[in-house]
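Remarks on the structure that follows.
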Amino acid sequence: MSQLQFFLALVAGGLSAAAFALSVVTPFEQGLLLKAFLALGFMSLIRFFLPLGLWADAALALLGAVALLTTIGAFGPTPAFFWMALVGAWLFSWLFVERLSKALAPRLSDNAGLGLLIPMVFGMALLVIWEVVTRGANVPPVLLPAPSMIGAQLANSAPILWADFVQTFIKSVLPGYAIGCLSGLVVAILVDRSPFLKAGLLPIGNFMSALPIIGIAPIMVMWFGFDWQSKAAVVVAMTFFPMLVNTVAGLNASSAIERDLMATYAADYWQTLMKLRLPAAGPFIFNALKINSTLALIGAIVAEFFGTPIVGMGFRISTGVGRLAIDLVWAEIAVAAVAGSAFYGVIALIERGVTFWHPSVRGGRA
Amino acid sequence: ADALTLQLKWVTQAQFAGYLVAESKGFYDAENLDITILPGGPNIAPEQVIAGGGADIIVTWMAAGMAARESGVPLVNIAQPFKKSGLMMICPAEKEIKTVADFPGHTLGVWFFGNEYPFFAWMNKEGIATDGSAGGVTVLQQSFDIQPMIQGQADCISVMTYNEYGQALDAGYGPDNLTIFNYTDMGNDLLEDGLYVLEDSLKDPAKVDAFTRFVRASMKGWAYAAENPEEAAQIVVDMDDTGAATLEHQLYMTGEVAKLVDPADAKLDPATYERTVKALLDQKIIKAEPVGAFTSVVTDGL
Amino acid sequence: MTAVVSAQNLGLTFKTNDGDVVALSDVNLTIDKGEFVSFIGPSGCGKTTFLRTIADLEQPTSGTLTINGQSPENARKDRAYGYVFQAPALYPWRTIEKNIALPLEIMGHSKSQQAERVKRTMDLVNLSGFEKKYPWQLSGGMQQRASIARALAFDADLLLMDEPFGALDEIVRDHLNSELLKLWDRTKKTICFVTHSIPEAVFLSTKIVVMSPRPGRVTDIIESNLPRERPLDIRETPEFLAIAARVRDGLRAGHSYDEDHI
Amino acid sequence: MNRVLPILTVLLAIVVIWYVAAIGMNANWQNTLNTRAALTNVPFTDFAQQTWAQDRPVLPAPHQVIGEIWNATVALEITSKRSLAYHGWITLSSTLLGFVLGTALGVLLAIIIVHNEASNRSLMPWIIASQTIPILAIAPMVVVGLGAVGITGTVPRALISMYLSFFPVVVGMVKGLRSPEGIQLDLMRTYDASPWQTFWKLRWPAAMPMLFASMKVGIAISLIGAVVSELSNAAGGGLGVRLLTGSYNGQTIQIWAALFIAAALAAVLVMVVGFAETAVNRRMGARPA
Amino acid sequence: MTAVVSAQNLGLTFKTNDGDVVALSDVNLTIDKGEFVSFIGPSGCGKTTFLRTIADLEQPTSGTLTINGQSPENARKDRAYGYVFQAPALYPWRTIEKNIALPLEIMGHSKSQQAERVKRTMDLVNLSGFEKKYPWQLSGGMQQRASIARALAFDADLLLMDEPFGALDEIVRDHLNSELLKLWDRTKKTICFVTHSIPEAVFLSTKIVVMSPRPGRVTDIIESNLPRERPLDIRETPEFLAIAARVRDGLRAGHSYDEDHI
């Protein structure tokens, strides 16, 4: 057991024990399941004498989550032991993840499925905590709705969400992203090609780096109309700079001796670029592609606050806030999060394939 | 002094002249009140702010207030300084739109973020589809200026009499080359800027008293603004933290707003209320007839 | 006979943050076509720097240098030479086979020609079977051999080789020495070869340049009169040993410190 | 001198294109105006000048923007609420605070991710997801939520800047901290260096190029965050509020002036990071390219 | 006498995208305290891999390996050894002096101790005067010497040296050979030393391990009976030459290809 695991196990067990004691002295009929979880959590302290499998922690975390979710409404004002049980359950899930990843570490590649379990557990824990806290502490739903409400809204509004997704992601983000990244790359190469342009264009590129979206969005609407074209233009403006900066840095990443080799072949500029400098810049370029994948989405959504046809994720979010349909807003946010993560994930996968040679991908093995 | 926070519906401008004047002329101090005025903006929903505890009183439109009430923010109207609506839809003459019957097939600019209800209620009444289907109109979420009209991106746009309409006049448009649809004139107006508080706060007599004093001082502010438009406009400009307000524009706005407000009467007119609620129900903006959504305890105490 | 490399009063000084380093000073040397010249000298005496100057990778700060009668820059643009660096400098994103094909791609050889040449040179340095491996999957000596193969894959008339066999064991080294001699004999290339092994220098060269450090200069140029045809056992002949002794003396003279320490 | 000439050339090119574009983009409206005023056959030079002098142009001419900037900065007292310098300062202060916090958070997260396998697998996907949450949607909640507990002013805005700017730093630093070659890491292993020592003496210096590339992006995004946050918190002023009110009032020139100040601020900030990079490179003995 | 390194049936296989590479198979070897063991064998036979396994940088896939009676991991954590890699592996952002001080910093030596040791070892490898230079300002051989200095700067009882003198000329090499022998004699360190030079192996070692490739295995272990005190001219004695001949035979036997090619 590592130090961290030891600590987690001790605190989780101890907290369960204390909460169990509290729950027994409080006169509550309800929450039997919760008491059962606390009792079992207490008992998990025997792990310091008898080894306990990591799946036992998984089971405890799961039981805790179920117990918490089923007993939320049962109390008037939420008692202290309820919150302690929440922390306890969370600690068990953390302990489980910690142990699982240690167990997986030596044979990661063979265990892609189990590897996915870890972020899922983390995500589930987050959702349970969110649900329990918002409902347990009576957070006004117009400030932060519980995940269950968001889920219900997701299911109810699927056609709207889909139409918004097509409008924003497919029509605005993808073309804008492609054009923005490509033009960033091209300008970076131009800048690199000519020292004159480098001196002249780079400071102006910096100038463009933070043209605030809310400033350019109205202007783009003025120029390109209300539909997706103006959103794509905003995305172009937002993704351009990260690509420019990273590519310029990446093109200088090849080592002196690698460049010397190309010089001895009298390779021309383009050959050196294609065969040496672009591959060597790969990690930097992917860095920008990854940052841009989320930035593009933010840009398109925010741009829709400034005039759109009445469809799109940003439109729905802004009107949703105005109408206090916050659960719909969060359903949109959930769609945005899934779309953005998937987008990022695809790019990260491509990165692994393309820059397999970089120490950060090979795991530093020489 | 009792400390109260007022969340405005929009940025600091003469639309709120009464409150700004009352603060600046010390009318609130005279009522032993300590008022903080928070400006709004396109991304600030006053209903959300009050639900989160960020304000005690908000200025909002009734449609938005009632919709919020259904979403679980128990708002109650305590006073209604704005008697009429300033909302209009204008179409440049060259678009050849003379009557509502000419709308189908055209693109109309509408403000959202809680300002869209009157438009949809109107279209609902006229039986014009807004979902993009054939024979209906195309709706655009309009930016908060008149650019869509100048650019020709929309055939008609929404304006407030006291703000964007003035911009249109400035830009060389006038009644002779515009077709104007005034919501009030058409009888399609929904109640605009009213004062709303949370239901719970009305259970506390001390609070009710403070609200009463607040409304009294505010109405005094409205009256002062109506009588001294120049001074009021200057006050607005001075109180604008962003420094973007111009005297000329605020003066115009003060004058136009004065036409909508009745400084002598803060009471909510039940008839207009009923009409507003009915329009909201017809349009399914709210599902059930609201109960206890307005009170006269404050205005009765004036 | 024409001079392939001709250096007159060549000097090169590196500017560094804590003062200048004179890497080459007053170097005079002529290398004729078809010669095999070895450079030998203590570590840091400027051998690499001299090769890099020939290759137009460093700019001399004084004196003149011509390659095939033209400036180093033009010679480089003519692809007049192949260079084996002291470090392997393989590109990590290319397999060994692709690394060796790199110059061929750049010089526009056809795919089939590339394949044929890559195969031939990989056989020559005994790397067959490792075509699809990446550089980091190879041992140090194997990487060095891959970089030799890369320089031999295209036919430059001038070969600049900076300690190409340093990381190889005696047997492979003997083998590659013989192969290199055969190649030289067959193709009449001009070869500049940096080595630390005196026997290797004597065995391979028609001319041995002894250098000494601080500042880097040429202290001795030894013309070898050994026959062009050189079996491995030539290394036991008295002529061979005589030349080797002269090189060793030159080398020792260049070392300033050995008296104090040993 | 050899830096100034290229910049001037590029600038000149931009200005020329700009003036030409202004004629094209404003022509439509100018035609309407002229028709209305019954002006016909306006010579081209006059027409061009008209398009450069509109009150609410689609694209204001450069001199209009410069004039507005001049009027809103130099011609005013710096503390005046109308002064762009005053608003620029408000935005700058939340940008800088947000950037510092964001960089610190980003580096911290990157360190945790690189050193702890469980965090690597569980944290990263959720950090990414967090970035896809449209900031403008949660900004009001942040502002209202913090306002309810009494935190107002620069801090909530800076938090929003931080929220945007930490991401490029995490992504870049994870890559950077993992960039040392195997043999360099092996060396540390042979010394049985603690993770902390390996970090300070190897991973951190090796990550410098990535750190600076990320910080340049980060500071620019931080400024965007500051501006966006002002939309949800209009009380305090700032360039974002200026942009916004300019846009309500249809004051295109005012929007462009604020935009210019914001962009200039960004350029200066990015350049400052660039200077820091050069200085650090020099200290680290980097080989001149 | 206690075994410092003890390997039983040690095997190590690398998994690569196009099949497994058996780098070590069935290696049995015991190294006692105070021994000087040289490893010699063709390029790619697994010498580096074996040293890395001792250093706990690779995990054996079969067999057992103990260092000072404990697992390689524990030995590493005890800082039981100093390692000179085949490549210099200097950190480019540190000056030479700082690079050499690196292990001392990590092991918590005081500033003055660091300065003193850095100076001593830099003198030993004859790099004085280059303290403030960065690695890229050094020649190949100088970088290698810097990496040797770095490993010698702290006093490990076990030294693992992977071709440390490969890029050095004969004179410096002789000098460093003698210095290393003196150090070994004085401090009774145990040394594992990879080299490609047969004379060097014989001159330095008490035991010579001959390896052969594909799969990497130990083909011969030659105990040297030369006296501990070894002047340079011992290399002309018949005992010396006899051992060298045996090593050469072992080495040649390991080469599968030389018949086909030469």
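By letter and in written order, the chains are A, B, C, D and E; residue numbering begins at 1 in each of them.
Here is the rule we go by: a contact is a pair of C-beta atoms (placed from the backbone, for glycine too) under 8 Å apart; a residue touches a chain by one contact, two chains touch by 3 or more.
Chain identities (UniProt): A = NitT/TauT family transport system permease protein; C, E = NitT/TauT family transport system ATP-binding protein; D = ABC transporter permease.
Predicted model, so just to flag it, every value in this text is computed and none were measured.
Between chain B and chain D, the least number of touching-chain steps is 1. Two chains share more touching C-beta pairs than any other pair, namely A-D.
Rounded to a whole number, the gap between the C-alpha centres of chain A and chain B is 39 angstrom.
In whole angstrom, the spacing between the mean C-alpha positions of chain D and chain E is 53.
Centroids built from CA atoms put chain C at 85 Å from chain B.
Of all residues in chain C, those touching 2 or more other chains are 17, 87, 136, listed in ascending order. Shared contact sites, meaning residues of chain A that touch two or more other chains, fall at 143, 218, 222, 256, 305-306, 318, 321, 358, 362, 365-366. Looking at chain D, one finds that residues 58, 136, 140-141, 144-145, 181-183, 186, 231, 244, 247, 285, 287 touch two or more other chains. Which chains touch which is summed up as A-B, A-C, A-D, B-D, C-E, D-E.
Residues of chain A that touch chain B in their complex: 140-143, 218, 221-222, 225-226, 304-310, 315, 318-319, 321-326. By the touch criterion given at the top, residues 52, 55-57, 76-79, 81-83, 85, 87, 89, 91-95, 102-103, 105-107, 134, 136 of chain E touch chain D in their complex.
The part of chain D that touches chain A in the complex is made up of residues 2-3, 5-11, 14, 25, 58, 117-118, 121-126, 128-138, 140-141, 144-145, 164, 167-168, 171-172, 174-175, 178-183, 185-186, 209-210, 212-214, 216-217, 219-221, 223-224, 227-228, 231, 239-240, 243-244, 247, 252, 255, 258-259, 262-267, 269-271, 287, 289.
For chain D in complex with chain E, the residues that touch the partner chain are 181, 183-184, 186-193, 197, 201-202, 205, 208, 284-287. If you check the complex, the residues on chain C that touch chain E are 14, 16-18, 21, 40-44, 47-49, 86-87, 126, 132-133, 137-142, 145, 162-163, 166-173, 175, 178-179, 196-198, 248, 251-252, 255, 257-258, 261-262.
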